[in-house]
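The structures come next, written out as structure tokens.
Consider the two complexes below, in which chain A is the common component and chain B and chain C are the respective partners.
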Partner chain A sequence: MAKYIVKRILAMVLTLFIIISISFFAIRLIPGDVLGEGANPELRAAMRARYHLDKPLIEQYVIFIKNFLSFDFGESINLYPRRPVFDVIAEKVPLTLVLNIFSLIITIPTGIACGIAAALKKNTLTDHAISTMVVFNVSVPSFVFASLLQYFLAYKLGWFPILLDLKAPFMSGAQLWSMVLPVLALSFGGIATITRYMRAELFEALSSEYMLLARAKGLTQLQATVRHALRNSFIPLCNVIVPMFMSVLSGSMVVETIFNIPGLGSLMTGSISTSDYYLTIAILFVYSLINLTSVLVVDLSYGIVDPRIRIGGGKTRE
Partner chain B sequence: MKKLLAFVLVLALALTCSVALADHTDNILYGWTTSPTTLNPHMYTSTTASTRMPNLGTFVRQMVSKDGTSLEFVPEHAAELPTSSDGGYTWTVKLRDGLKWTDGTPIDAYTYEYSMKMLIDPKLVNTAATYLFDPVVVKNAKEYFQGTVTDWNEVGIKVLDANTIEFSLEYPCTDIDFYTTICQYINPVKEDLYEACMNGDRTATTYGTTLETTPSCGYFILTEWVIDGYYAFEINPDDPLVQDGWFSIDGEHDQFLSSNTTRSELFWNGDLDYHTLTGTEYDTYKDDPRVYKNMTSSVWGLFVNSASKNTAMANKNLRLALQYAAPREEMSYDVYKMYTAASYMVAESIFVDDGAEGTIYRKTEGAQAIKEKYATNRELALEYFNKAYEELGGQKITVGYIYFDQQEDMKRTAEVAKEIFENLFGADRFELALEAVLPQPAYDRYRAGDYDLGIGVRLCSPFNPWTSMAPWTTDFADKYITGFDNEEFDQLQYDCVYGDLLNDPQGKIEALNRMEELLLGEVAFIPLMQNDNSVIYNERIWLPTEEFLTGVGYGLTQCTIENPVN
Partner chain C sequence: MNEYQKGERILDVQDLELGFNTYAGQVQALRGVSFHLNKGETLAIVGESGSGKSVTIKTVTKLLAPNAVIKGGSITYKGQDILNMTDKQFSQLRGSEISVIFQDPLSSLDPVMKIGKQITETLRIKLKMPREQAKARALELMAAVGIPEPEKRFDEFPFQFSGGMRQRIVIAIALACNPEVLICDEPTTALDVTIQSQILELIGELQRKNDLSVIFITHDLGVVANVADRVCVMYAGKIVETGTVEEIFYDPRHPYTWSLLTSMPSLATSAEDKLTVIPGSLPNMVHPPKGDAFAARNRFAMKIDFEEEPPMFKISDTHYAATWLEHPDAPKIGIPEPLKSRIAAQLAREV
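Here is the complex of A and B:
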């Protein structure tokens, strides 16, 4: 197992290196200039020299990789001028993290509960109602939910603040109340995804022979479902839920824009549109790291959820 | 279950009551589309930050006069308006006594000198460094910035005593140029904090990037700041302008709202004091007495490449046909609705007085004549086209037209142009080939000369249109307007900015007239519209003037707030 993890981590490092390298060259293919149109020529020249942009691309790449390997990730050029890029990213994390964790707290139990209800009551009114909700939630993008919630519940009815309350202290009652709408907007899609998976997997488990055996052994339907069917249904759900946990750092650009949340979501587009090369690469690096780690965690979690699954080519019991 | 429900409802009620209600005290509530990510006066990059540093004092401020009739230059940290004794080469700025940061640290000429030294420090490469050498050129400032002059004593900035700074310029400049550049854009920095925020090799400072590293010494004090979220200012009772009674508000709260829908909801909810009207909102409220028109200083239009590889573009009659047929009215009033159709280069808000007398260039006789001469005239356009068609061998003429991609209104303007040009000239004789290109690649194409017609704008200084004519001169370093090289134009531009005409207001107006005539006569640019926005103010806001004043607009910061009586 340990050997497997080490091998996977080494592969991750190699993958990250390739991603960073491709990002470096790809970002420079985007048209634009670090100073935009109409800038003073002397200033433009000085800026290009500061960021080595006056050198050949390969030379720039060598400098960049050298700095990157010594954990010097560079500074933001335009968006947050002169600030180290990871300081900028770190500053955005707390708010995005809080919002997404709250969203998960709603999404996962609700999704699982709806999935179970739909599977247990298959082809009944409950199932149809839940399935309709799923189709609706999957089809409607989160920004539409966000706009509708903001318009009706905040603007028209005045039940919630229109924007996230940044003036209130972090995690205070006022700020938490203002988080309700963005958290809901972020949750609907996830609820639908989990419900869909849960319903399908649980229904399959419920119709399997081991459930029949469990009932024959004298377990009630509830006991058999909780002890056997649910546990087996969670294995494929790992593929969905674990990446959701890992993506709590990634943020949602549109929802953040609508509710005026200064989080990670809008950082990527902002950095690309301002030709902020080093910030863009750093964000890509963070996102890649999150995704690769989530894939690894998913793989490892199989063994935890179902001990019959062995990872890393270990010997199976005779 | 019922108990749980009751608990949730009580909790929700309690939370609702604890939510901070919108501040309806005497604070102006702003909603900006962009957020400043630094309040370091040497470093700001966004429009919001560059136009608004109310927490930092400067030599002279532009204000709406107390009687509300005109723009007035008012000394803030300067004791009086700076003067020049030798025709504009040397300027002396005298500072007031007793200036200080909010923590009591004194501000004097040495504070300003340190700030300017850091501003053009070659290792820091500050983006605001150009204020010391473009357009007003302080002796050796550019060379110091570029590292070719290393001795600070050779730079034309001298502290004569703790209250006096002398600027020596490479070229003379007028009062208004000095007041609207160096006097406006040079701010002090707090030396101890600036140094503390500096990195080890002195190539970067984090000064002005957080509330803690942003000290105040202007008419406002920065009191709260969540980057990309909002910031709050309160009035600084120690500021000279505040003491002289220029402000009646308590402060301002600025939020950064990139979503126009959210801004609209907040405005109609009473949580913002002004809102830019667009689309249906404009149609609904355009006649509302709370609506005011903000005038831009730039004119949008089509760059015309007479040196294009499409040789038809070299035909002046064809270019004139396009100029006279241009659908400026349709684009301004049908597509954008609120813009002003423009048949001229220099916008209606541009100020041409060497003082605050209020002369608007477009109201001068010569400028009016140009506006009329180049106004849309479809009959004349057809005449020119017929001539061009004949001269080009009677073959169908195809002209490329670049518009900005992913902007619906831009697409519509291009389609309007295509329809009007082809209907007028005949689809069998003329084709406008539309091409959607993102803005930055579009400008790259213009720079490379790879276009026939391309939509765009060159920004114009509201007080110095002559410097803004530089991109059209032959040797301009960052030139992307190809096909227009004119010695007379180059000479006039130089004379107005640095030469014989500098201190001749009437001569400069006539020269501007001639430059505009040369550009439009050669059809180097087809002007289309001024993107003047319409803004609606909250009814509690009483503006200091009803007239848009170049430089200060309607003077919102100087407004009076009358909150409704509860």
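Here is the complex of A and C:
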């Protein structure tokens, strides 16, 4: 197992290296001057020297990688001049984290409940209603949901503030109230994904041979479902739920921009549009790290939840 | 507890009629099935695939698919009407009085639950047995069904067991609550021949020890000859002949039973011999044919077979057959040739 984890981590490091290399060059392809027009020539020259922009691209890359390996990730150029990029990122994380955690608290139980209801009542009105909702939620993009919520609930009905309330203190009642719409907009897609998985897995489990045996043992339909079918259908659900937990750190660019939330997502869009090279690369690095780690955690958690892999795995691997 | 004496009728199924609703129409799966089970005996139900054996069992244990419709008949267990019980009421009987073993031991255990827990589950839930006592009982059961080192195996998972071992566990689960009736639905079809005979021996041994009444579903006549006291032959949702095992094997009356027996290879069958097959296949049960359902495949069919269903003709107190050949006016055909000589040879060997 340890050998396997080490192998996976090495592969992850390599992947991350490739990602930051590609993003280093790709971001230079964006047209426009980092330093802005009209600044005076001396200042420009000083800035170019500070950020090594006067050297050839390859040399810049070598310097960048060297610094990166010594955990010097560079400074923000335009958005937050001279501040180390990870300080900027760390400042943005709490708000994104709060929004995403609220969204998860809604998403997971709702998704599981809808999935169970649909599987137990398969091919009835309940199932059809839930399945229609799933198709709708999966296919309508989140910015459409966000805009619709904003337009109807905030603008037309005036129930909620249109944008996130930033004047109110962090986590105050007023601010939490203004978080309702973005949290809802963040949740729809996740609910649909979990519902779809849960329905399929539970339905399969319900028609399995071990359910027949559980019933033959004398368990009622309810007991057999809870003790055997649900347990079994939760295992593949790890595949979707674990990445959701991991991704609470990464903000949604679309939803954060629409509701004017100064989180990681809007920092990302901001840094790209101002050609803030090092900040963009650092955010991409954080996002990639989160995603790669969650894939690894999913694979490992499978081994923890499923005894067939936990105990049986050792025999088959190498 | 055992107010029922050996040989008394413990389970009685009368005129059971059942259909499955499908898009193509209603499949007439059972068309008036009647049989009974006596305390302490083994009743075998035989027939080809699709004849309604498993459906009969699932009706008796109330484990039918939701599209099944019971159209008539009655099932009585120790004087209680099973058919009209709710799922909750019957859950009290299922597993504790009437237990079932299904065909596929490889997939019938919960893959993510420890073996021990699967055995103790019913003891804990239904008999409210304390944990330690339930574990002791489970270890006892595992030893009884021939699992070596039960202490160690108790905490293992199904995938760590072989097919034969899994079927032993399934049997242990079925016996956990000391049932009176054990129903085995082709318990050995998924296993290889050596394991098969071990499992059959095990069931027989447990039956003698616990005074079980056993219903044995199979399409393997060799198994029937070994384990059964009485036999029901099923065809197209009906029992066409029933009798003691001697009556069915040495004095079969129904042409379908003849065909079944003839198509079974015997010790005298050499590798060059072609096995006899029954021509055709089961009729479409959405629209069951008029008359005797077997008539189209029966080379002894008479005109009346295509017009009217034969009633059960009594041959002896235990032996009945549903064929017009038993009618007093019917021509006396007798058992057809290859089978007749085979039975004679068999009888000669046994004397």
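Everything that follows uses one rule, which is that the second predicted complex is superposed on the first by the 303 of 318 C-alpha atoms of A that agree within 3 Å, B and C clash if a C-alpha of one lies under 4 Å from a C-alpha of the other, contacts with A are read in each partner's own complex, and residues count from 1 in each chain.
Basically, a residue touches a chain if its C-beta (ideal position, glycine included) is under 8 Å from a C-beta of that chain, and two chains touch if they have at least 3 such contacts.
Since we're looking at a predicted model, the values are computed, not measured.
In the superposed model, A:E91 lies in contact with chain B only, and not with chain C. When both complexes are overlaid on chain A, the residue A:I235 reaches chain C alone and has no touch with chain B.
Legend: residue contacts after superposition of the two complexes on their common chain; A:L212 is shown touching chain C, with no touch to chain B. By the document's definition of touching, neither partner reaches A:K66: not chain B, not chain C.
Residue contacts after overlaying the shared chain place A:K3 against neither chain B nor chain C. Looking at the shared chain after the overlay, A:Q150 reaches chain B, while chain C stays out of its contact range. Among chain B and chain C, the chain that touches a larger number of residues in chain A is B. Of the two partner chains placed around the shared chain by superposition, chain C is the only one that A:T220 touches, whereas chain B remains out of contact.
The intersection of chain A residues touching chain B with those touching chain C, taken from the two complexes, is empty.
Per the touch definition, chain C reaches chain A in the complex via residues 61, 63, 87-88, 91-96, 99-102, 104, 107-114, 121-122, 125-126, 157, 159-160, 170, 173-174, 176-177. For chain B in complex with chain A, the residues that touch the partner chain are 12, 14-16, 18-20, 35, 37-38, 40, 43, 45, 122, 125, 127, 129-130, 133-134, 142, 145-146, 203-206, 209, 224, 226-230, 232, 255-259, 261-262, 265-266, 268-269, 271, 438, 440-441, 443-444, 458-459, 471, 477-478. By the touch criterion given at the top, residues 31-33, 35-44, 46-47, 49-50, 75, 78-83, 91, 147, 150-151, 154-155, 159, 161-163, 165-168, 172-174, 176-178, 257-260, 262, 266 of chain A touch chain B in their complex. For chain A in complex with chain C, the residues that touch the partner chain are 208-210, 212-221, 223, 227-228, 231-232, 235, 306-308, 311-312.
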